[in-house]
Every structure is written in C-alpha cells, then in structure tokens.
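Please find the structures below.
Look for chain A in each of the two complexes below; its partner is chain B in the first and chain C in the second.
Moving on, here comes the complex of A and B:
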C-alpha cells in the first residue's frame, strides 16, 4: 500500500550478500593461483634439468696434443693430430667423405675435439643445486671424477638443434626429430585442413536437418574425444598394413621401406585432428551472421558463390585458429606415432614422405625413459624446443588471425 | 477537415476506385514484358504452423506498396515469399501462387537464383559486405555475369542511391566504415546494381535516425519512377508519406496473418473500410 509497508517485506541482508560475494571471489582467485602454480612448477622443472653443471672429462688432454691451444693451430697441424690419433681406416673414410685439404680450419678443429679429445660427460647436476650448492658439487666431482673439470652447460644450444640423434649425450641432437615433426605436421595439415574445412562447409551450408545428418554430426563430435592410441591402431591397420604399398612408396618403385613412413604417421595424425578441425570450422562458419548470407542470396548469388565470397572469408580467422589448435595437438601427440612405428633411434634425417622418421615427442619419451641423468637433461632440452615450437605456432596463428580480421573490418 | 472528408466520402471513393482501375489497366498492358508481381491465395507454413492465410495481392507496377500491421502478423514472411527468401528456412512451405512475368515463381522450373536478381531486397539492418564500397556494388553484378564497365556501374548505382558525392573519394574503404544511413543506401545501391525490376524493403529505416530515414524515403520516391517497390514498415507515418498503396495485415485467432484490407494509401488512412484497420492507423491498437 504505502512505501514503508513495502519496505518491511525485504530483509536487510546486504552485508551477508557482500560477504558471500567475497568468499566466491576468493575461491576464484584460489583456482587461478592453483593453475599458475602448476604452470610455474612445470616450467621450473623443465628449466631445472635443461641448464646446470656437468663434469666433463677428455679422453686425451688437449694440452698433450700440442704446445699451443688447439684453436691456434694451423690446418696442417690439426691434420697431423688427426692422422696420429685416428686409426688409418677411419682417417681414410673421413678423407673420402670430404678431403681434409678442402676442410676449413674450424671444421678440422671441431673434428679434433670430437674424434681425438672426445670430451665425455660423466655427471650432471640440476640448476638449483648447481647454483646453491656449488661447493658440495665441486667436492663431489673432485672425489669421484678427479680428472674431470666442471662446466656450466645449457643443454639447449645450437649443437643440440643441429645435430642428429646420438647415443652420446654430449653429441646427441634433435635435428632428426625436429625435421620429422615438421614433415609430420606438414602432411597432417595438407591432408586434414582441406578435408576438414570442406566437411564443415557441407555440414553447415548444404546438409539438411535430416536424421542421418544429425547422426553424422553426433559421431564427429564423439570422434573428437576418442583416445589417440585408438587412432594409432587405426593408422597401423589402415595406412601401414592395408595401404602399405602406397604409403611405403612401393608403387613408385621404392623398395627399401615398409609402410612405417612419415606419410603413414602424417595421415594418422590427420585422422586424429580431422574431427577437431571440422568442429572448429563449423563453429566459425556458424558464427558468420546470416544477414551476410541473405545479402548475397538477395542479389541472385548461388549457394557456392555465397559460401566462397562471403562465408569462408568471414569464417577464415576462426577456421585458422581452430586449425592451429589442432596442429598443436598433432605436434605433441606421442601414442599414435609409437603404434604407427616412429623410430626411437634414427640418426638419419627424413628425406621425403616415404622416409622412416622420428618426432620430438617420441625423442623426449625415449630420452626420458633412459636411466642416465644426462638423457633426462636432453629430454628437458627437447621439451623446451617442443614448447617453443608450439608457442611459435600459436603466436603465428594469432598474428595471422588479427591481421586478417583487421582487414575485414576495414580499419 | 474531418467534416469535409466525411461529407465527400462517396465522391472520393468513386475517384479512388476509378484511379485504381486505371492504374491496374495500365499495368495490365505492361505485365507481359515487364512482369507484374501478384499473390494468389498464398499460404505460408512454418512446419505445421500456418503463418499466412490466403493472401491475394496485386502489386502495382512502378508504385510503392506498403505492408503494415502489428508485430508477428506475417509482413516479413509475405515479403520474403516474393523472392523466395523463405526457401532458406528449412521448415517453410508455400501453397498458392506468386505470379511474376507471367509465371508462378514457385513452379519447379523457376530458378530462385535468377528470380532474386530481378526481385532485389533491402533488409532491416544495413548489411553491407565486409569489403570495399566498390566491391559491395560490383560483386553482385560480377556474379550475375555483368559484362559492361564496372566503374561506370558503380558510379551509376551510387548516384541513384544518392551516395556518390559522399563516397566517391573513398571507394576502396570498407562498407562497414560508413554511417548506418549511408550503409543502408549502399545496400540499396548494391541491390540496384544487378538490374532488378522489383525492390523489396523489409523495414529499411527501423535502424536509422529520422534524418537518414528521410533520405531513404526521398530516394524511394525517386526510384519509384523506374522500379516497383514493396516496403514492410512499422512506421505508419512512413507508409502514409511514401506509399501509393497500402496492405493492412492482421493475425486471426490461430495467429495466422492475412491481408484484411488493401487499397490506395489515402483511402487506408482516411476512410478505412475495416474497423481493425481504422483502430490500427489511428493508434488505438497495436
């Protein structure tokens, strides 16, 4: 009736409401903190293993090879050292690969270090111990490895990136695995992007709302959640075995391979990410306002003209984002590659789609499962490279998308 | 004023009907080569729901016909039936005929793509393509196999839409960089570029301010010399200002819309025959 009477029906609970709000705010903040701590722990753990002190011991002390430091020796002197310390057979083979006379001084110096001085890593310590407990490590090293010297070593370095696989942690690199991964996502992209986008266009723009199409849609959504190992089994049965003559390159006359090639791996990955690409592309196409389609149809455009000139360009940033996310998944997948037959030890670079291959996650898995601590350092270094590749990929996608959508908005 | 109108009622009615007949006869002669638009016993369903019940409507050639009525009475559905835009709604179904150029446009032999070039459309919300002003106009012509000079076409259409002077120095800028009223005139120019005979307008000014609205209305009056225009509007003053004929639509108990009165705009607004029309146009309803 009157205002004071109406006032009575409201309980004065303002402070309780605000208190409840503050509690929830604290809960949300706490959740974010948990995520950040987990991320920091991951980063710290990787960093801890990828930089640190190592005890290095040379097979032959460089001081005994010459009276001056090796860096200052002339090519002829370096060649003489090589001739003295290598077996004649090895010397002959190296010479026939590339005559010593044609090699640069730097190359010869490198060869002397690798083949004659042969530094070996005897032990390694994680970063935190290296920084905080230097004295203890020095004592330990002096006691256990009296001939070794302590060095500070960053396991990610140019040698690591440019060298092939090796069983010696000092020389092991990830070039082979990195190239293998690049080949893999290249094949995955070439296969899955056009097929995925085309399917998405069909499902969104052409397919009617029939029972069959709804069933197809549901299945695609479910396929996106199928464990990757199952795609590996599919790839093994389909690409490696059934289509072996094609994926091994036998139909082109190649005889030195079987179906366990990069092509099989890439196609398997393609199947794995296909549902992701389709769903993301559908999402992007659905987000194109229908007013744009109506505008085109109203001018007498066919469905295809409308899709090609307006829907796809407008949806492209979203499609690209989804594709990059799918590629990030592909570059990190391990299980299907193991099933399809990626090599865990492969010192030769992939030369084409029919090569045997290794990949970054396989390499990491391999190193991490070895008992020696030095391989764990290598695994950490490889993880850093993998994460850098992922971040680079995502950054490229964001840049591409922003530039493109700015073009669409016309500013 | 009201008194004069009432006393002169019979005479005006005769005049109006005479003019309607004359216009209809003139239109009849052109109907074969130019194509007149008419609905015959048209019903539109969305699934089982009857949205429009038995509409008969003769759209006068090179005149402006307004469709008015309360929300949800099927005005837009009727308008979209004229160029088969309802085809894109999966559940929509049409019975009856819409005749254009001597043919039922719902005849399976008619390609709706070709039809929509001749019966263009301007939508409620300005929807230029997110492309340059130039491309906005040239694209429709291009996809329809236009073989003339696109530069000339762009200029002609922008002039017809009274937009040329405002945009001639920035044809390469995005259509979305224009103001709302300019965007709507761009959409009109875009529709003109494919050489339509009929232009359907679905509440073209509802998202515009009064000044932009006036510009569009002036434009419509000019275009009516060469084009047949059908406009759906909520704004009764607009219908009264611009249109030559007005169709009044209303829902029945089953929520199915139908045309309850169709006449010259003057008649609809001064001496409506139907009580409901009178209530609506005088603001006592809806």
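Moving on, here comes the complex of A and C:
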C-alpha cells in the first residue's frame, strides 16, 4: 500500500469520527433537553388547568330577585331576599350563628350569592383552548348549557385558600388541607429535629468506631432508601393501632376519635424524614473544623460544653438547611398519609393533634382521581399552592446556605 | 475559668486542681451522653419496628387456613374477595412499570450525565444542574397528576383510544422514568467526575476524540457508580406509590401489555388501606405480606448498590 493512499483512508476515517462525535454530542445534549422539556410540560400542564373559561349557571337569576343589581341593594332588602328564599329552619340557624342585623352589607351580599343565587360550574376549559378557541367554546356552551354564562376563572384565588373542603367545585377550598399540612409539619419538626440532631451529634462526636455504631450508620443509610409507603404501614400498625389509646387522645378523655389523627401522621412523617435530617446534620457537624473542638478542649471544656457552645452553633446553618429540605420532602409526601388514614373528605378544621385530618397532597390526590374536569382544575390549583410552598422552603434553604458559605469565607 | 486562673500559682496548686477535676462527678455529662445514644439507637428501633410489624402481620396472614405460601408465590390471581392471594398480577405490573421507567431514565439520565460532566462548560452546568434538581424535588403526587392529565392523553392520541386505556402502565412508567432521571443523572455525574482527569488526558494524547474518550475511557472507568445509580433508581421505581396509584389503575390484572390498566404492589396497598379497613382481617394482613415483599426487594437492591459504590471508592483512593 502506498503512502498517499494510506493517508487518504486515515483522513476519511477522521472526518467520520468527528461526525460521530457531533451526532453523539447532540444526543447527550438532547437527553438533557428532554428532562427540561418534561419540566416545562409539567409546569405548563398545571398552569393550563388552573386558569380558563368556565360555564356558570345560577339556580335563580339575580335579575329576578330585585329590580336593581344585587350590589346596590340595602342590607334590609338583602335580608328580605334571604327570608323569602331560604327555609325558615336554615334562616333561623344562620341568624343564631350571627344575627342578620349585625352582619355587614358585604357579608349579606355574599350570603345571598351563596345561598340563593347559587352559581354552579357546569363545565370548564383549559387555558390554551380558552384563549385560542374562544368561538368554538362559546358555540359549545350555547348549545350544551343555554342558561349558563361563560366566565374567565383563575382557580387559585383568595376564596380557594380560605374556604373549607366542599364537594362543589365552585365553593371548594383548601383551608382544611392547608391547616392539616401545617399541623403535620409542626409535629414532624418537633419530633424529628431534636431527635435527628441528637443522633447526628452522638454519631459524630461521641460514638467510637465500634461495631454497634457502624451498624447504626449503615442502618440510617438503609432507612433513607426504604419506600415511603412502608413507613405508612409502620405508622398504621404502631401509631394508629398499637398506640391508639395515646395517639387518639383517649388517655385525655377524648372519646370520639380513633388513632387516625394528626399526631399519628406527624410521628410517621417524623420517622420518614429522620434519616434525612440525621445524614444532613452529620455532614454539617463533620464540616466544623476540628481546631475549634481542640481549642475548646484546650480550655478545659467538657465534651458536651464543646458540642453545645462551639460545634453546634457553627454547624447550625447547615443543620437548618438540611432540616428545611427534609421538611420540603415531608410536605409533599402522600403515600404514608394515605396508609395512616388521612381523610380525603373532611370539611372541619383540625383543632389539635388529636383531630382527624387531611393534608394538601391528599387533597390533590383526591381531586386528581376524580374524572370531572372541574376537579382537575382544583387539583391543578392546589398543586400550585403546594409548589409555591416548596419553592418558599427551598429559597429559604438556599439563602441560608449562601449566608453560611459567605460567613465561612469571611473567617 | 476557675481552674485556669489557679494554674500559675505553683506546682502544688496544679496537683490540687487535677484532683479536683477528677473528684467532681459529671452527672450531667453522662446523662446527656445516654440521651444522645438513645436518639442514635432510635433508627435501629425504627428498622426493628418495620421488620417486626411486617413480619408479625405477614405471619398471621400465612397462618390463616385460606392462604398458602406456595399460592402466594406462584398464584396468578389476586382477588381477596374470593380468597385468591397470588402475588403475580401485582408483581408483574410492578415490574412492567419499573422496567418502562428504567427504559426512560437510564439512557436519558446517563446521556445528561455525560453531557454535564464531559461536554458542558462550567457556566452551562451551573445553569442546567439546578433545573434538574427542581425535577427531583417535585412531589410524586404532582407527577401522578402529570401522568394522568398529560402523558395519557398524548399516548391515547398517538396509539388510539381503543388500544390505550385511560389508566395504563405505560404512562405511569414513563412519568416514573422522568421522576428518576435526575437521580440517575446526578449519581452518574458524580461517578464520571470522580474519574481522574489523567485518564482523559491520556486518551486525548493518543488521539481519541471527545466522544471516544467519554464512551471508551471515562464511562467504563465510572461503570460501578453508574450501575449503583441504576440499582438505586430501580429500587425507587419499585417503591413509588402515588404516580402508579393515580395513573396505572385500580384492579389487579395479570398482563404484560403496557397499554392495559393494572395495579402495582404499592398501588394496591394505597388503595386498600385508604378505604375502610378492619384490623385483624385477612385483607389487612395481606397488605403487610405485600409490604414485606417490597421491603425485602428494595433493601437488597440498596445494599447491593452500596457495595458497588464502596468498590468504586477503593479504586480511586
């Protein structure tokens, strides 16, 4: 084989290799892009379902209630409408809750809308169709729901946040679920934070390299990988059943509950996030320079004095960051709560650790598993609230981490 | 403070101080250490609790005259109402959804990891990594909603509404893959970045292109880390509940067709325990037998993956 021919083979080979390199580079970039597209689709899909046109129909046309728009009626006239259209028993009950004479005009107006006009959502359309195919929707609504009017509705609104659960999509809100989630997070935090930090301190500052302590460490790593639903089963058997008399509040004389309470849910969630808190706290404690400990010991401090006044304050931002991230895991976790027995329909606010409860992700699950489009709108709205809460928690964690690393650079 | 101020007073004083320190009993210190070790032991108690609870209820389940271990392990029907407790319908759909998830997550996750570790500029990596982390932080119930209201309609419009059921394993599996993708990509990227750059430089020196270096040198060197990521991802997929509970279906069904509806182990546990369930019933006990199966499988997978990672560490330290 002559030299020029060999060179020619080599050249063509090289350009093929480079071509292959470019193709695969595009493939690698593409797989990253697929992940980002999925993220965008997920966000877009939620947004699409949380704003859009709805067909609303009133039980009674407000024009037939009075000769002027309802907003302009005096309190006495609104009261008269209520008296005319509500059954005497309901009217009496509302009056005994708060006498009508003491209610403001706005409150009365709201009551008339809710109890007498009773708007109902008959159908809903996603955002993209609402914007681009308005004509088709109008025709469809005029055909299928002749008495209804089309309205543009943002499903996340102040009513949605402040109203209790309801089976009517127009009036359904997430107050009950939000309060349930807050209680749950509170109990989880009160239980898991001290225990988690204490375990981390023990493992990093006290434990010798003994067999037992190595076993504890391995065990914590394994626990972090146990599926969350298994924790739910542990909670069901342990907190709900075995410790039922304690978690139901029966030992305090409460009788109307079983073990399926906020307390059981919070403790279950506490066990679930405990490994995360421990692992994060361990990392934060390990990052404290040992010169700090040696200085404390050199001054004659005991081990606990060293830990309490030197190691922990230095590790605290890291520990808190880890705890916040663990809480953001807890706030979105659904499966264990279902098993422990969060109720999917519970219109009354939780009053304490021994209440039955619902939680935000449970509410989302419940709405999402219903076939009607209006409930999917509600689920999307609740997801936005949940994601906003998560975003807030993560932003707090990032701020904390940034301040922490700046502080370290300063010293 | 007291002891240090006395120190300069002379040798006699020094001895006195030492004796004083020795004599003073530190009751609080011992108590605190006991409390801390108790907190440390709680994790062991949790594990024991899980094993005990799952084991005890499973034992009650298998002791029942209507149930046999052989039928549980080989039966092809799971219908508690007529006392049929065969694991296979639930196990097969769990495996099918997890398999689909890995089919999505492994190539995409690995591709993203190679791009981030071998190709991306630091600036672009700093932009892309947090975005992938967002994907990892989204609650699974949100993914379930996504599967049901976005992926299923797309599948149905591609393959036809007759072929694809409203609840199907494919959509749950695909979305589960998207959920696991950031886990695979970040664990694989860690493994790839841990490969010493001397290896890359050697490959470039003998004339390898960037792709050849990545595919034939760096990826093989990081293989154990990538395998560990794959195993952890698999264990996550098997134990994932909300996505399959929302999108895969609500009734055990022995089928390999990904467009059919079915019910996974986790989905079944969630559905049955979410309803009104009486304790001490066979239904209740059967859930714990399923839980035990799930726990053992994920535990074995997690232990294997840690072994693999430990081997990786030995190579480069």
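As a working rule, the second predicted complex is superposed on the first by the 363 of 411 C-alpha atoms of A that agree within 3 Å, B and C clash if a C-alpha of one lies under 4 Å from a C-alpha of the other, contacts with A are read in each partner's own complex, and residues count from 1 in each chain.
Here is the rule we use: a residue touches a chain if its C-beta (ideal position, glycine included) is under 8 Å from a C-beta of that chain, and two chains touch if they have at least 3 such contacts.
All values derive from a computational prediction rather than experimental measurement.
Peer 1: Does the superposition put A:300 against chain B (first), chain C (second), both, or neither?
Peer 2: In the superposition, A:300 touches chain B and chain C alike.
Peer 1: If you stack the two complexes on chain A, which partner ends up touching A:157: first (chain B), second (chain C), both, or neither?
Peer 2: After superposing on A, A:157 lies clear of both chain B and chain C.
Peer 1: Once the structures are superposed on A, label A:13 by its partner contacts, choosing first (chain B), second (chain C), both or neither.
Peer 2: Neither partner.
Peer 1: With the two complexes superposed on chain A, say which partner A:310 touches: chain B (first), chain C (second), both, or neither.
Peer 2: So A:310 only meets chain B here.
Peer 1: May I ask you to decide whether A:209 touches chain B, chain C, both, or neither, giving the answer as first, second, both or neither?
Peer 2: Only chain B is touched by A:209; chain C is not.
Peer 1: On the A-aligned overlay, A:92 touches which partner chain: chain B = first, chain C = second, or both, or neither?
Peer 2: neither
Peer 1: Which partner does A:291 reach: the first (chain B), the second (chain C), both, or neither?
Peer 2: first
Peer 1: Given the touch rule stated above, what does A:351 touch, chain B (first), chain C (second), both, or neither?
Peer 2: In the superposition, A:351 contacts neither chain B nor chain C.
Peer 1: Would you mind checking which one, chain B or chain C, touches more residues on chain A?
Peer 2: The partner with more contacted residues on chain A is C.
Peer 1: Which residues would you name on chain A as touching chain B in one complex and chain C in the other?
Peer 2: Touching chain B and chain C on chain A: residues 299-300, 302.
Peer 1: Within the complex, which stretch of chain A touches chain B?
Peer 2: 208-209, 289, 291-302, 305, 309-310, 313-314, 408-411
Peer 1: Write out the stretch or stretches of chain C touching chain A in their complex.
Peer 2: 3-4, 21, 26, 28-29, 32-33, 35-37, 39-44, 46-47, 49-50, 53-54, 57, 107-112, 114-116, 118-119, 128, 131-132, 134-135, 137-146, 148-150, 178, 181-182, 185, 209-212, 215, 232, 235, 238-242, 245-246, 266, 269-270, 273-274, 279, 287-288, 291, 294-295, 298-299, 302-303, 306
Peer 1: Across the complex, what residues on chain B touch chain A?
Peer 2: 83, 85, 88, 90, 113-117, 120-121, 123, 125, 127-130, 132, 139-140, 143-144, 173-177, 187, 190-191, 193-194
Peer 1: State the interface residues of chain A toward chain C in the complex, per the touch definition above.
Peer 2: Going by the criterion above, the answer is residues 17-18, 20-21, 24-25, 27-32, 34-36, 38-39, 41-42, 45-46, 49, 194-196, 198-199, 201-203, 206-207, 213, 215-216, 219-223, 225-234, 236-238, 241, 271, 274-275, 278, 299-300, 302-304, 328, 331-335, 338-339, 341, 344, 361, 364-365, 368-369, 376, 379-380, 383, 386-387, 390, 394.
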